[in-house]
Every structure is written in C-alpha cells, then in structure tokens.
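Below you'll find a set of structures to go through.
In the two assemblies presented below, subunit A is common to both, partnered first by subunit B and then by subunit C.
This part shows the complex of A and B:
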C-alpha cells in the first residue's frame, strides 16, 4: 500500500493496521514528517525533531512486535502533534511567545503523557509542536511570535485560533490527530475554519497540568481530528481525574466516548438558539448550518427553537474574566525562574518591566492591562464581580434551555475564515467574532465543531454542537451520525 | 467611561509593563474601544445573583482539595533551573534588592 493511503485513514484504522503490522510506526512517522517539511510554508509547526519522533516510533514498533494489545495502549504507534501550549520534555514549549523561546520543560503535561508512548499512555508518537496564538490569546493565529499559520483551503486566509496550527495540520493531512485547547472557542473556531472536527469537553474532564495557563476557570484541552469517531478515541484517552496535579480536575472517571457513536438520534431534541441566527450571522454560513440541521432532521432529530438571551453579553463578560485571570497567571513571567530576561536594566523593577515589555506581544499586553485594570481597587466590583454574576446568569440560561432540548446546535462563527491581516489592527473586531463560542465556555459546557459544508469563497463552515455537562458522548453520537450521512469531513483542500 | 493616559501609565506600572509613548497611545485608544463594548454589561441588573467564580460550581460543591502533606516529588532542581536566565550554585540570580 502506498504510504499516502495512510493519510486518509482515521486514528482507529491506523491503530489496527499498525497492530496487523501492515505498516510500522516508523514508516508512518517518516511519512508524516516528510509532509510536514514539504508543507512548512503553512506555518503549522513550531517544533519538529525527527530524532525524537523516530525514537518514539521505534519504541512503539518494538512493543507492537512483542504483540502488545489494544487493551494497554489502544493507539500504539499512531502519530499525533501537540499544540505548543502543552509542555513537553522532548520538544521546546513556547506557548507561541517570545517569552518562552527555547523553554524546555522538565516534565510532560498530563494530557501529553496520557496520549504518549510512556507506560500508561495510549501509545501515540509525537510528531512535534503546533503553532498557536501567543498564550492562546487570539482567534486567527496571527498573534504567534513564530509567524502566522495559513488556512490550507486558501493560504491567504487565517486558519482561526488560537489552536490554528493544530487545525492546519489536520486539514492539510500533516498529522492524523492533534491536541488543542479551548478557552473561548480556540478548538471549535479553527476546526470550523479549516473543515475538521474538534471537541472541548466539560470543564474539568481533561487535566490542566502542564497546559500553560491563560484563564484557569475556562481553559480546557480537547482533541482535533478529521472525524467524530477519531475525536471519541482521542478524548477517551485524554480525560480522567488528575487529583494530585490539577486542583480543578473533576473526580469523574474516564469514559469510553466511542460507546454510543452509532446510537439512533430519532426523536432527539435539537435546540436552535434564536440569538445564534440573528442579523449578525452571514448568509453563507446560515445556509450551510440550515443544510446540516436539515440532515439531522432526516436522521430523526427534532429541531426546537430555544433562547439564550444573554448571548451578546458573553463578549464583555468573557473579555473581562479571561484577561483578569490572564493578568494573574502571566505574572509568573518575570525573567527570574524561566523564560526571557531583558539584557539591560537598572534594578529589579526595571528588569521586570523591560523583560515583560520585550517578551510579550501586543495582544497579550492588552489583555494583561485590561485584567490588571478590572481587578484594581475601585473597579473590581463594577467589572470583575459584575462579569462573574452575569456568568452565572449565562450558565443558568443554558440549564433552562436544556429542559427544552437535549443538544444545542448553531454556527461556530458568524462568518468563514477571513483574510490574513484583515482584522489584525482591530482587536475588538476579533473579540466580536467569538460571540457563538463564548457562552458555552463561560458555562463550562462541552462543545464541538463538525464540518457542515462550505460558505463564501468555498471556505469551510462548522456546525457547533453544545451539550449539557458530561454530555460529550451524546455530542459525538450526533456528530458521527451526521458524518455517516454527509461527506463534508472527508473533503480536503487541494 | 473613558480611560486617560494617566490611567494607562498606572495600570502598566501595576502590570509591570514598560510601554513606549507610542505603545501607550495605541493601548489607550484600543482599551477605550474595548470598554465601549463593556458598557452594555454594566447596565444589567444582577442584584441577588451569586457570582460564578468557577464552572465546576454548576455541577458539584467546590471544596478546596488538599494533598496529603507528604513528599511526593524527587529533588529535580537541576532540571527545573535549566531554563532560568541566571543561576549560580543552585540559586536564581536577581539584581541586588538590599544594599
């Protein structure tokens, strides 16, 4: 079989063929690494190290040769790449920031370890680290200190963000699977813009240990791949309690998220929030979403109109809370224990200020400033506390909606991917485009993006599915049924 | 409500960020543009609403989780200091703070 045939295979099929010894982990790793090199102009990767990758692949091959079964390492030898927000021992970890250029972590993030080749992991071989907006702050990947990533459907357009490199790698077939993180939509929006599948689980399902922190009450890891079937396998490996290392990791046992992929969705009530279909939604995206909902209806689902009345408020609420948490989290970057330190300074205070001025990019500085302001004396109640109260109201709105429906569906973003540079001088325009992903993030609900066809300029459109807490298996079930009936997720950029 | 350039200077100091005059000016207009969006939030009646500090509160009672007070990590100082800008004899070096 030609090596290129393996590019079209899902994670589960690759694992089977590896166990059947039809292909070796080394062959797969070499094939994907050569694709990464050939497509370097897409800017998907910020770190590759063939020696490290091939050593992991050889270790996987040795275990496959010894007959290790699927029960201990279900994805043994299958390649994966990680968003550069996860720390890794074997690759530099930069969070897309100059502040962490060349930073070597002494340990692997829990998610990386759970997926990896070390004992107890799912057995996946790491191809490298993926480009992202600096500290995951952005919706276009243009805020990376290591250059833009390009949308493989049209390389003059953004791939979305902050997990932009992750989405590019899957869409361009540079990796069969990747990790991403989602604080306000950073898995769902790039997945939508690049025509792939991604899921953010319920907050607390996946450990945040070793995920470089942006906004701790919102940050959540999740997989991105071509299909819901692949995402289910990856999510099952990623999730599970990590009580000693992440104080907000939920004490909820790991699950087999593949178990109900094929369940019928006959009679399933799909809530369509009227606020997601207002005048802010562009016509091309609306048409694709309507088409996907019509498919779900054909499969027996029952669309019902619901209301999430505070959808618009999610923008200011999120952009108060996330920067507040960021300003606190990023205070650790002081030029003392790790990362960049300015060369010339007069005293300790001057060293802090110059180090941070040099190490952080513009968007990160803006958010630190907003965060420091809303937490400062005299403004805390009016901004931060008020935002937290509305956050409660938004979460309650979802609970009311879930009495009328089982799953919520709508667009991931109001438009398709925009042109590189189009909004880079207008931070507020970027913030407004996050409107449909922010509400579920604030509530801590699971959400996913599923390819739903194409809009203007033949750019991909993503259908967003939002479930109630711990409803990931249901979301993946709906997405899988849709993917059995449509072929949007199989299409690829030329 | 609009911030002034004095506000920007004060916040930058709190955040330990050195801003050039050009950066400060741009930051001022961008942050003021952002606070225009925030205004709609301030008008919402939230009396009696308990702030939601953390989404975990929606599904379970949040209690501070403490580990047993026992040594669980080996001494890893060398690896932990490998990425430090300045280290000497296992200590992080900073500019002199006490004369």
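This part shows the complex of A and C:
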C-alpha cells in the first residue's frame, strides 16, 4: 500500500485497515504529521507535538495488537485534529487568542474525550490543534492571533471561519477528519468554502463541556470531514448526554448516524426558502446550488418552495445575542487566574484594562463592547429582549416550514471564499455574509454543508441542508445519497 | 405594625439575609463547601472558571430552597430563572455571579414572631418579598499580604439563599427579633448551620427614617451584620445619624455602609453614584429551574413541625404562656426535651416542666455553652423530680439540690438522691409542733411583736422553724401550725 494513498481514505476505511493490521496507528500518524509539516504555510495548525501524537498512536497500536474490537473503540488509531476551541490535556488550548497563549487545560473537553484514545473514547489519535478565529469570532479565520489560515484551493483566499484551520486541514488532506464548532455558521461556512463536508448537530446534542465558550446558547460542536459517511461516524461518537458537566446537553441517547445513510430519498420534500435565493445570492453560487438540487431531484426528492420570512432579521438578532453572551463569557479572562496578564500596572483596574487590551484582538473587543452595550441598563429591553423575541419567531418560522417539507436546502453563503484582507476592515460586510447560516443556529436546528460544485474562480460551493430537531440522520442520508451521485466531495485542490 | 417614634421619626427597616445552605458540595460544582480548609484546596475547575467549564445545578440546594419556601408559607416558583450578575473582582472567578433576578425560586411568604413591648407580648409579622438561590464569591485576603491581595476561592460557588423582606420592621428591636426568628427557622429546618461567625448567616439591613404618613425616606444599607448584638447597635446608630442629618437640613444619600463594632459607628462604603450596572441577563448555561409539584410534595412530607406551629401547640395543648412556648421552641431538640418531660410527668405538670427547663436547665446550658442534646439530666429524671416536688416529698429548694446531683452525675435515681441527702420534708406534724414550741419559747420578742401586729416578726419565726428543721419542714405547714399556735 503506497503511503500516499492513506490521505485519500475515509475514516471508516482507515479504521478497517488499522484493525486488519494493514497499517499501524504510528505509521498513519507519521504520515499525516509529515503532511502537516510540508503544508505548514497553510496555517491550519496552531499546535503540533509529534511526541504526544505518537504516544497516543502507540497506545492505539497496543490495543489493536491485543485485538480490541470495533465495538469498544470503533475508530481506534484513526488520526483526528481538534479546533483550538476545545480544551485538551495534551496540547495547549488557546482559542486562537493571545489571551490563552500556552494555556494548558487540566482536562479534555467531553467531545475530545469521546473521540480520543482514553478508555470509553472512540480511539482516535490527536494530530494537533487547529487554527480558528479568536474565540470563534469571525468567518474568515483572519481574526486568529496565530496568523491566517489559507484556502488550499487558492491560498490568496480565506478558508472561511471560524473553523478555518479545521476546513483547511481536511481539504488539504492533512487530517482525515477534524472537529469544528458552529455558533453562527462556523462549521458550515468554512466547509463550504473549502469543499468539504461538515455538520452542526441540534443544539444540545454534543456536550459543550470543554468548549471555550463564545455564545453559550448557540455554540455547538460538530465533525468536519470529506464525506457525509465520515461525518456520520464521528458524530455518532461525539453526541450523547453529559448531564454531570453540561446542563444544556440534551437527554437524548447517542445514535448510530450511519444506519440510514443509504435510505432512499424518494418523495423527500426539499424546502427551498425563497429568502435564500434572493438578489443577495451571487449567480455562480446559485448555479451550483441549482445543480445540486437538480441532482437531488434525480434521486427522487421533491423540491418545494417555502418561506423563512425573518431570514434577514437573523443578522441583527444574532449580532445582539451572541455578543451579549460573549461579553459575559469572556469576563473570566481578567489576568487573575490564568492566561495573559499585563506586565506593568498601577492597580487592579489598570491590570484588568491592560491585560484585556493586550490579550484580546479587535474583533473580540468589538463584540465585547456590543454585548456590554446591549445588556446595559436602559438598552436591555430594546436590544437583548427584543432580539430574544425575534429569535423565538425565527424558530417558529422553521416549525411552520417543516410542515411543508422534510429538509430545507439552500446555499451556505452568498458567495465563494473571498480574498484574504478583502473584508477585514469591514466587519459589517463579514456579518452580512452569515445570513444563510444564522437562522438555523438561532433556532438550534441541525445544519450541514455538502460540496455542491464550484463557483467563480473555481472555488468550492457548499449546499446547506437544514433539518428539524434531531434530524441529523436524515441530513446525513440526503448528503450521502448526493455524494453517491456526484464527485464534488472527492475533488481536491492541487 | 405599630410604630414607636424616635424624635418624631418613624424607623423603616428591611432585611436581606444570605443564608449559606448546608449542602455537601457547591451550588454548581462537586467541590466541598466545608469551612476552614487550606486556601484554594476546595475549588475545582468549575469554581476556578477554567475555560470550557460549565455550571450544573446542585439539587440539594434547590431542595433546601423548597424547604424554606414551605416553612414560610411562600410560593415555590414552578419555573425560575438563573441570571448572571456581571462585574469584575478578583474573587469572582467567572467575572459574573450566577444568581436569580427576575424570577426567583421562592416568592412571598412571611415570618412571625413575638416581641415584648412594655408589659405586653405582641405578635409581629414581616412579609418576605422573595428568596433566591445564588453562588457565593471567594474571599480576598488583604491582611496577610503586603502590597498585594490573596485570593481564596474555597468559598466561591458556595450555595446561598438570599432572603429579602418588605420594609416591614419599625425598630431595631423588631429587626433583631425578625433576624433571630429567621435564624431559628433556617437552622430548625436544617438548611443552614446558622454559624454567624463563619458567615453562614449574614444580614444586611436597609434603614430609613420618615415622619409618620410621609413616603419612604432614602435608605442606607448596612452590610454584613454578623451578630445580633451588632445588628441592634448598628441600626440604632444609623437611625440616630440619619435623624441628625435630616434635622441639620441634610438630605440622606442612598449608600452602602459598614458597621464598625470598635467605634460603634456606620460608615459609607459607596454611594449610589458608584452603583455598577450589573448587566443582568438569563444565564444561557442553565436551563430554567423547573420544580414539579411532586417534588414539593416530597419535601413537604419530610418537613419537621415548625417552631411557630410547635409554640402555638404548646400554648393550646399544655396551657403554657406564649413566652414559655416561644422559649421552649428555640430548637427542635429543646421542644422535644420539653415534650419528653411532660410525657413522663403528666400534662398537668407542663408548666412546672417549662419552669425547670427555662430556669435551672437553661442557666446551666448557657453557663456551660452546652447543647440541649448533651444535657446529662434525662427527661424521665426531671419528670420524677417534678413529681416529688408536686407530691410534697421535697421542697422546691431541695429539688434544686437533686437537680444538681443529677446534672453532676452524683446520683441517677431521684428518690435515692433524696434519701442519701436526707431532703425529705418533715411530714410528722408532732415533731414539727415540738420544734414550733421550742422556737416560740426561745423568741419571745418576735412573738410579742407579731402580736403587736408586725408581720415581719412572723416571717422571722417561720425562718427560725425552717432553720431548726434543717429545711425539711414544709413551709406551708409551718405557716399553718405557727398561726394556729400564736392564735
């Protein structure tokens, strides 16, 4: 078996070959680590530690040699990398911020533990930590304190964000699968921009314990990989209740998301929200999406037009609620207990000010200020409360829509990935580009991005699928059927 | 409530009390809340607010809030909300305190108690606005570090119930009586250890004054009153200070003040201008706290009889005065002790039992700072003692000697002690008459004075007889026989 073929294999195939002892976990880890090193200029990783990775791989190999079966650790020995929003015991956890440079967590995030080599985990070997926008705030990965990540399809372009490093690692075949987090589209949008597959489950499906919080009521972990099939394997391992650590984790048992991948989608009603196909959608993206929907129709699905009338309101609602929660969540970064502390200060207040001025980047500061403002006395009712009301209406709109369709489909983003620096001085332009991913986030619905071809500059386009609560298996089923019929997800940057 | 005016001013007081709940672990984490551990040894990742940690509600804290709500006749909210109170301080690890703001778990309710006003005992009722669950902050230690502050996060995340009253109290005495009654309730139902020195029961008093009939005056909040004595001193000082200010033509400015026990004065910490904007909002990490009616029923089924109900029952069933009933219901153990004595001695001896418990027994408890549960005299022993006094075997004074012997362990059986100490009263009237004759013969002066109409002289004769009988004579019998003999 030629070593170069490993990076073309899916998660399931790698797991099988490991169990068949055709390849060792150490060999796989070394293979991917050397690819990471060779492609360091992409800026996908912020932390790599070959010793740690190889130690995990050796442990996996020992268990494989002892004949440990797929039932206890189904993905034993398969490499993975984690977005640096997840805290990890073995690697520093920075959230892409100078504030947490070198920070070591005494525990692993629940999602990391469920995927990892420790007992009870799926057995995956951690390659390292992935670049992201600071505290997951951004949609271009340009807000990382550790440098930009580059889109492998065109390295002068952004990979999307905030899980930019995650998307780059999968697209450039530096890791077979990764984790991401999605608050307003941070899995779906970079997956779309980099031509890979990613899914954000229903809010509460995956534990948030150990995810460095951005906006608590929106943050959700999810897998990113090349195919829906791979995402299903990872998601099955990641999900499940975590009642002792996360009060918002839902009491819904983990399920095998792979079981219904091949189900027929004959007669499935695909809702196309009118508001997702308006004048804001660029023609190249529209053409690719239309093509993907035509494929789904060929598979027996029935497109129906629906309406999500408050789609536009999702932007102001999101950019009130998320910063409000963030302004409070990020208060713990005060220089007292961990993380960055300013060197020289005159008193406590001065220490706070300098620490936070030095530790946080511009976008984080901007959102803290917006958040503090909308929560402040006299503005709370007009902004925060009003936003919560509209948020509920947006969720209601989806429930109405799901009486007319089974799955909603549309674009992930209005355009393909833009040039590095193109919008970095214009935060509002960045915010507007989130329009199609924000509504599902606000409603807590599962959403995914599936490669749907290419748009301008031969940049990838992602088809967004949104399901009803706990409809992940259905989304993965539709995505898988599409991927059986198309090869967009198999194409790779050169 | 009736008001006593001070220099023509009516005093208005409201209370906010932080009762530390007696759970094993913290309100949102599994760390221990035991007092007095080495700094920062009882703070886990959640308490330190390490990145990625999340709060998980401790059900035991909720159960205690329900108990409190039931004890004071409040509404238990079927759905209450945790909110974040945002502010920066080094001993507040998350940069916000998780509390309840708009919808607290306990709503309404009241606390009643009796208060001596002149010669009357008056029943007072203070209405409660709410009681809500929240977490405590850590401690900043300024003394042990020169030019620096130490932070001990052991206390961070300790569960508190903040209990807020209406401004229903009209004097410092009322305020203290309320605080004592509340203290009794929370310790009685076992939700708080009530240790004020360790900060388990901390009171803040909102104090204002006004001319009768006027709207409420501007209040100043006295923080952290950690003894009933200081509470009264602080409020009295604050009231005098406010009246002086107003009389001198100054307006009262809303402020938070601290009481200094050394000077006996209150002093402003911060004024309203410094008031922070806490940016309260519902905590997205915690779903609404939902309390099903079944849970409330379960807690209700395990509630002990409450002190007020027990006191009312003592008045009704044993005919005790209100004062006795209140005193005997200071703790469940005290009430139980009383009832055990009555059960053994008989219901008609209830007042005697009360007298012994409130007198000899309480005096020794206070002197030895002992708990009622550690009393060496068993209820059955006290009942036997009361029985021997009632049937005339011994005098009340002799009874005290018996009690002392029981207390010190000198004897176990009341009758054996009476026998051993020779305390039996003289019941043989022949022997007594002989003594009386001797006393009359030896005290001709007193006899003459008595016959001249001086009652004092009679008392002196009784004393002589008692002395001669070595205290064993029954004083009533002495009276009767002496009067008969002297004509």
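Descriptive notes on the structure:
By our rule, the second predicted complex is superposed on the first by the 494 of 494 C-alpha atoms of A that agree within 3 Å, B and C clash if a C-alpha of one lies under 4 Å from a C-alpha of the other, contacts with A are read in each partner's own complex, and residues count from 1 in each chain.
Methods note: a contact is a pair of C-beta atoms (placed from the backbone, for glycine too) under 8 Å apart; a residue touches a chain by one contact, two chains touch by 3 or more.
The structure displayed is predicted, hence computed values, not measured ones.
By the touch criterion stated above, A:109 is placed in contact with subunit C alone, subunit B being left untouched. Shared-chain residue A:315: touches subunit B; no touch with subunit C.
Residue by residue along subunit A, subunit B and subunit C are tallied for touches, and B comes out ahead. When the two structures are aligned on the shared chain, A:243 is found in touch with subunit B and with subunit C. By the touch criterion defined above, A:348 lies against subunit B and subunit C together after alignment on the C-alpha atoms of chain A.
Contacts of A:332 after superposition on the shared chain: subunit C is touched, whereas subunit B is not. When both complexes are overlaid on chain A, the residue A:427 reaches subunit B alone and has no touch with subunit C. Contacts of A:210 after superposition: subunit C is touched, whereas subunit B is not reached. Once the two complexes are laid over each other on the shared chain, residue contacts for A:387 go to subunit B alone; subunit C is not touched.
Touch criterion met: A:357 reaches subunit B, while subunit C stays clear of it.
On subunit A, the surface touched by subunit B in one complex and the surface touched by subunit C in the other have residues 103, 106, 217, 243-244, 247-248, 327, 331, 334, 336-338, 348, 352, 372, 376 in common. Within the complex, the subunit A residues that touch subunit C are 86-87, 93, 95, 100, 103, 105-107, 109, 208-213, 215-217, 243-248, 324-325, 327-328, 330-332, 334, 336-338, 348, 352, 372, 375-377, 380, 384. Taken in their complex, subunit B has these residues touching subunit A: 3, 7-8, 11-12, 14-19, 23, 27, 30-31, 33-34, 36-38, 40-42, 44, 46, 49-56, 58-60, 64-65, 67, 72, 76, 79-86, 92, 94-97.
The touching residues of subunit C, counted against subunit A in their complex, run 45, 48-57, 84, 86, 88, 90, 93-96, 151, 277, 279-281, 283-287. Those residues of subunit A whose C-beta lies close enough to touch subunit B in the complex are 102-104, 106, 202-204, 217-218, 243-244, 247-248, 250, 312-313, 315-317, 319-320, 327, 331, 334-341, 345, 347-354, 356-357, 360, 365-366, 368-373, 376, 382-383, 385-393, 395, 399, 427-428, 431-432, 442-445, 469-470.
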